[in-house]
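Each chain carries a letter (A, B, C, D and E) given by its place in the written order, and its residues are counted from 1.
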Amino acid sequence: MTRTVLFAIAILAGLAILALAPAFLGEYGLGFMVSLMSYVTLATAWAMFSGPTRYISLATVAFFGIGAYTVAVFNETLPYPFVLIVAISIGALLATFVGFATLRLAGVYFVIFSFGLAELVRQLITWFEVNITGTLGRYIFLPFETRHIYWQLLALAAVTIGIGFWIRQTRLGLALKVIGDDELVAAHSGIALARTKVLLFVLSASLMTLAGAIQSPRWVYIEPAIVFNPTISFLTVIMALLGGATRLWGPALGVIPLMILFEWLSASFPDHFSIFLGAMFILIVFLLPKGVLSAVETRLARLKREANA
Amino acid sequence: MLISTLMFGLVLGGTYALVALGLSMQYGISRIMNLAHGEFMIAAAFCAYVLFDFAGLSPLVTLLIAPLIGFGLSWLIYTVMMHPLVKRAANRGQLEADSILATFGLLFILQGIMLVVFGSDFTSYSYLNIPIDIFGVTIAVSRVVAFGLSLFLGLVLYVLITRSRWGATLRAVALSPASAPLVGIQVDKVARQAFAIGGALAASGGVLVSMFVTFSATGGVVFTMKALIVVIMGGVGNLLGALIAGLALGVIETFVTSYFDPGLSLASTYLLFIIVLLWRPQGLFGSVRS
Amino acid sequence: ADDRSSIKIGYAVSKSGGNATGAGITTIPNYELWVKDVNAAGGLELPDGSRLPLEVIEYDDRSQTEEVVRAIQRLGAKDKVDFILPPWGTGFNLAVAPLMDKFGYPHLAVTAVTDKAPEFAKRWNKSFWFLGGGVDYAEALSEVLSAAQEEGQINNKVAMISVADGFGIDLVNAARPALEDKGFDLAYDVTYPLGTSDFAAIVNDAKNSGADSFIAFSYPPGTFGVTKQAQVAGYNPKVFYTGVGGAFPVFKKISGGQQEGVMGIGGVQSDSKAIQAYFAHHTEEIGNPPDSWASAVTYSSLQMLQEAIRRVGLDRDAVAKELSTGEFDTIMGKVKLEDNQLRTLWWAGQWQGDNFSAIAPAGGTGTVAPVIPKPAWK
Amino acid sequence: MTALLKLADVSKRFDGLVAVNQMKFDIKKGEIVGLLGPNGSGKTTLINLISGALSPSQGSICINGKNIAGKRADQIARAGVARTFQLVRILPSMTVLENARVPAAFGAKAHRGSEIDRIALTHLKKVGLGDKADMMPGELTYIDQKRLELARALAAEPEVLLLDEWLAGLNPSELQDGIALIKELQSTGLTILLVEHIMEAVRALCPRCVVMNAGTLIADGPTNEVLANPDVVAAYLGDEYDA
Amino acid sequence: MMLDIRNLSIRYGAHLALDNATLNTRKGETLAILGANGAGKSSLLKAIAGIVPAAPGSSVKLDGEELLGLQPHEIVERGVIAVPEGRGVFGAMSVEENLLLGANPKRARQGELTRKSEVYDLFPRLAERRAQLVQTMSGGEQQMVAMGRALMSRPDLLLLDEPSLGLAPIVIGQMFKTLKRIKDAGLSILMVEQNVSASLKLADRGYLVEAGRIVGTGTASELKSNDAVQRAFLGGPAAPALS
């Protein structure tokens, strides 16, 4: 009990410090934190569904992009909170549809389907804009400073991790784990596969949509090709896998080293970024097969053992 | 009009199939989802370009050399990079995740090297970009060659894989790598072979495509994605499926362009892909089985 | 200019990812060339006549907007460079505009084509827009076509294709009314998605439309794909116009040496000594010639920056003011911005001989008369 | 007494093959019935139909008078049907205890909180895995995995238990334990349909048997009579079988 | 002497599954390995087949040549063919293809066609279902495929892990007859089997395994009349009258 209380206090303190970050971080540091929080949200939300079910989804950017695009469309006509509500509704609606449609798909079929989905959404939006509205390329002029966006993303990341924590405590979390292990057993144990999977998918997608919506004012100009950049999906997967997709804090812990690595590489080797990045990736796969979190845990366990000895 | 649309579509589809064959081998048999597939093709394309532009070597000659290099290189990559992952993986999901990560790294390395060596410019040369009349439809010879070759390679490999004993061992490794040793199959060797053949196919695809497509060091992803879609649509490891799916995509895309709206051509391929998957979750023709 | 030993210049461009090709042709070589030139001359000259070498900090934005935004934050807040050169692309320039404004850097938005440039120049008063908007290019092109039609060189039908991104749509949206105004009939008018690799069906349909003029508001590699397909299909419209890429040096190779008469966006004054020298210099230093649209503009913008610093020093407000009001000698000739925008620009060009020469605005400095009809593909 | 489980005209076709053909029988509450038949006669398919892994091409399957034919597996599980699998299916990434917790949480009773653990442990103990609760199921022997599967089925607290060759692979003395275990289950009022090829177990456990051949019912009655039925001997037991 | 196993130990992490087992077979001999579940029987077979590694100090010699350290496929080429637990069939391939793959080892290429027709004679069910995908077949049918496939590899030594598991009595009868024929043709068989009475009828000798150790050996008839074996394997308390 006291441990839980202590833990809760630690979390709150951590949040408070993070919330004060704009006071002592410069514009650059804050920009870095914005990306960090955005990816923490995306990776955690991704792992919420994909971690336990092992459905590797590349649709992240479909939802992220929808969030951003919705803001681009409505930012001049609707008050900001309503824009967010519209965004989340569209994201959730699409996720529900996709969730039900893909229930029969597993493994790599789902992977590529989800990739195709992101591309399809992008193509359809493009077509719609070209043929119906005649505007391709929209502007977002919202009066947000970096710190405003940072605070929103921090809150979203906290909420996302909170939801992840909550799911773990509930039967929903258990159900997902079973589904990931063996769907047939899950069904015969009384787990409603479709409802569980779709619920989680929608939840995860809604969070991603929000992340895109909140971050978009940073880019001013929005075009489908910009916001539906598949790199975002790939990075999300990689960060989550790197950290450990089945753990609550895994994805977040995958984001941090990668973000730092990117930052360092793009500054130190602007011309050879790709090569170093690729090499790092391969090294990571070989050296940290089970993700950062479990590597850290093993290391800690060993230290503890040595201390005890 | 109908004829020309169909012809254009088939020829385009031939390119798609060509792009997908190698990946189908690598993913279907060796179980390595090679995200660097497109980079391999681009590398082969650059190879063809350099030999053509500076040594005057016909890409059709390169077509004999590049696959050998692709084979050797892929062999090496499998041995050095993939094999440890395969050995380490406790299950298929683990291998899938690991190979996605590792080949994603490979993608960046290859892309980075090509950026340094060739720069980021668009590259293109013209070879066999001459018209030929087939059923009254004018098509570039280069595309016809690519179409013919993809048809040939796809069918030959399909027959080999479904009809020969060697093919049966390939499929056995693809389907149940744990059981294959029981019948004396050296899983590691077969998987490496398939991966290397996939590399050779990617290289030939790259050389052929370079004759009519403008490419750049960063353009590999496009190929990989098209290839993945075709492979999945046709059924993992099913080369005939890949061939047919590739052709189908090409035809649909062209029909939408001509009769409906070019703006929806790419959307239609994704839509078709998604519909196929929902209708037949294991791909049009199922996986490697005959 | 007290105890400093260098001037720090920073930029973030797409060195990898989808935009690397564009940036790699137009932006990066010119930045490198300029830095080399300046440092070879002993550095950037300051009002007191002293010279300080350029020190460069560069980042790769990996073709992601968020990255370019962050890179600018880094350059401005952490590296505290003296000047920031713009990224490549309309979207990216817009993404960094608020930050450049916030940090107080003059923003020389070169590779940005937008009709809202006047608005933006007002919104961010240290931003400068060099490449005009879709309307400018579309209207200039329709002038060219209309003149040709009056001469009886072409019929009044136009086949027009456009790529479905901000650039293509801006242009085609402007071109439709402009062409219809001049009495043209859009016999074929379709938009194709970014990433289209096969143009057989499109070119076939354009060919069947009976139009004498073919316009592609395209992007590479689409530009190249359309050209090759037109050659294969034996499609010989009297006017063959392509978008971005048509003015790239590689276009000669792509067309198999048959670039003669192909029109496209951009163009340079090919008989100008300065431009010729620039082309030669670029070829020598970088290894290949620049493109004939935005490269020269990019280099000119850097010359303007250099000159402004020579006149007023390193104070960024003063530099911005000087850029806004001063007149500069550049490889493009004398340049003076109007409302922070470059308006004396060549809007359309045509391959004539080895050069992609400006043909519009008609009668503008350095423009040549268009050759119509384009000689047929061999 | 009315039937707890009632099958009427249940058929299942796979492409051309009729795997189950108009099967029809009732099982009363508390009864334990053997389902016999040669390999490939459709027994597992029938189990799949009753448990909802497959849905019948035609016919009705009623539990307590409610037709569950065509319902989803999870709905049927919550209606009180639990099963084991002919080839064991464990949840490899969860501990033995967690495996057993799943149906306790999602089955007919949908327990909450600490109750879940209690139920799971009770049933693990019942099958003899009480001291292996914290192991990973992959470390268990095949037979222990089968035990785990049974515990998992029991933790759903079902009314009907479908056992698909659960006793297969036990050595003779283990078989006796297994038989005793199932007897004990039955004595708690559980209704059991048991697929088995080991005649010794069938005789010891099932007063009544249903025999299928090629998807069709060929015998239904007291075990002694059924096993002496010449059709059953010819199709299933063989001459060697010295009954 | 054909197979000579000395001090074979098998470890799974800290767990010692087999502890210094020493046993051997002569050419043409059939051995039965008996033991409770978890005793380490399957592990023994897997180690011989090269599927799990043996601990240092172990030795498995076939005709004087060391097998340990060889890859599974190399062991196959020496004529040691395993039918492991879980069968290891190629589920997504047809019956015919499974048999074709059985003849994949170089040693088995010759006489492939005759052997195939022998297998089909042996299991007529398979002959009826040549083109069916194995994963859609019943458990017993899959067992037949596994056996048939092993026979296709022209084994000198067959390693069978519970071959009668899940088979109908009539098929078990036939299978043991077949094994008898195989044995009479000069093949050696090493068999783990819970159907002790049937297996001791076939076997020449047997070994008793308990908790990873070999605790007894003897000829089949010795074992049949042995008290301990009686109690443990031949019906236990249910059949005390036999002792």
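Here are a few things to note about the model shown:
Methods note: a residue touches a chain if its C-beta (ideal position, glycine included) is under 8 Å from a C-beta of that chain, and two chains touch if they have at least 3 such contacts.
What you see is a predicted model, and the numbers here were worked out from it, not measured in a lab.
Using the contact threshold fixed earlier, the set of chains in contact with both chain A and chain E is B, D. Any chain touching chain A that also touches chain D would appear here, but none does.
Among the other chains, E has the CA centre that is most remote from the centre of chain A.
Note on chain placement: the centre of chain A and the centre of chain C lie 36 Å apart, centres being C-alpha means. Centre-to-centre spacing of chain C and chain D amounts to 74 Å, using the average Cα coordinate of each chain.
Chain geometry summary: the mean Cα position of chain D and that of chain E are 28 Å apart. Touching two or more other chains at once is no residue of chain D.
Residue positions of chain E touching 2 or more other chains: there are none. For chain A, residues touching at least two other chains, in rising order: 123, 126-127, 130-131, 271, 273-274.
Chain-to-chain contact here is organised irregularly, matching neither a line nor a ring nor a star, and falling short of all pairs touching. Contact between chains, as defined at the top, is found for A-B, A-C, A-D, B-C, B-E, D-E. Listing the residues of chain A that touch chain B in their complex gives 54, 56, 101-102, 104-109, 112-113, 115-117, 119-120, 123-124, 126-127, 130-131, 230, 234, 237-238, 241-242, 271-282, 284-286, 289.
Those residues of chain B that touch chain E in the shared complex are 165, 168-169, 171-172, 175-176, 178-179, 181-187, 287-290. Contacts from chain A toward chain C in the complex involve residues 26-32, 34-35, 38, 123, 126-127, 129-131, 134-137, 139, 146, 215, 218-226, 229, 231-232, 266-267, 270-271, 273-274.
Per the touch definition, chain E reaches chain D in the complex via residues 12, 15, 34-38, 42, 85-86, 125, 136-141, 143-144, 162, 165-174, 194, 196, 231-238. Residues 49-51, 71-73, 76-77, 81-84, 88-94, 97, 100-102, 104-106, 108, 133, 149-150, 153 of chain E touch chain B in their complex.
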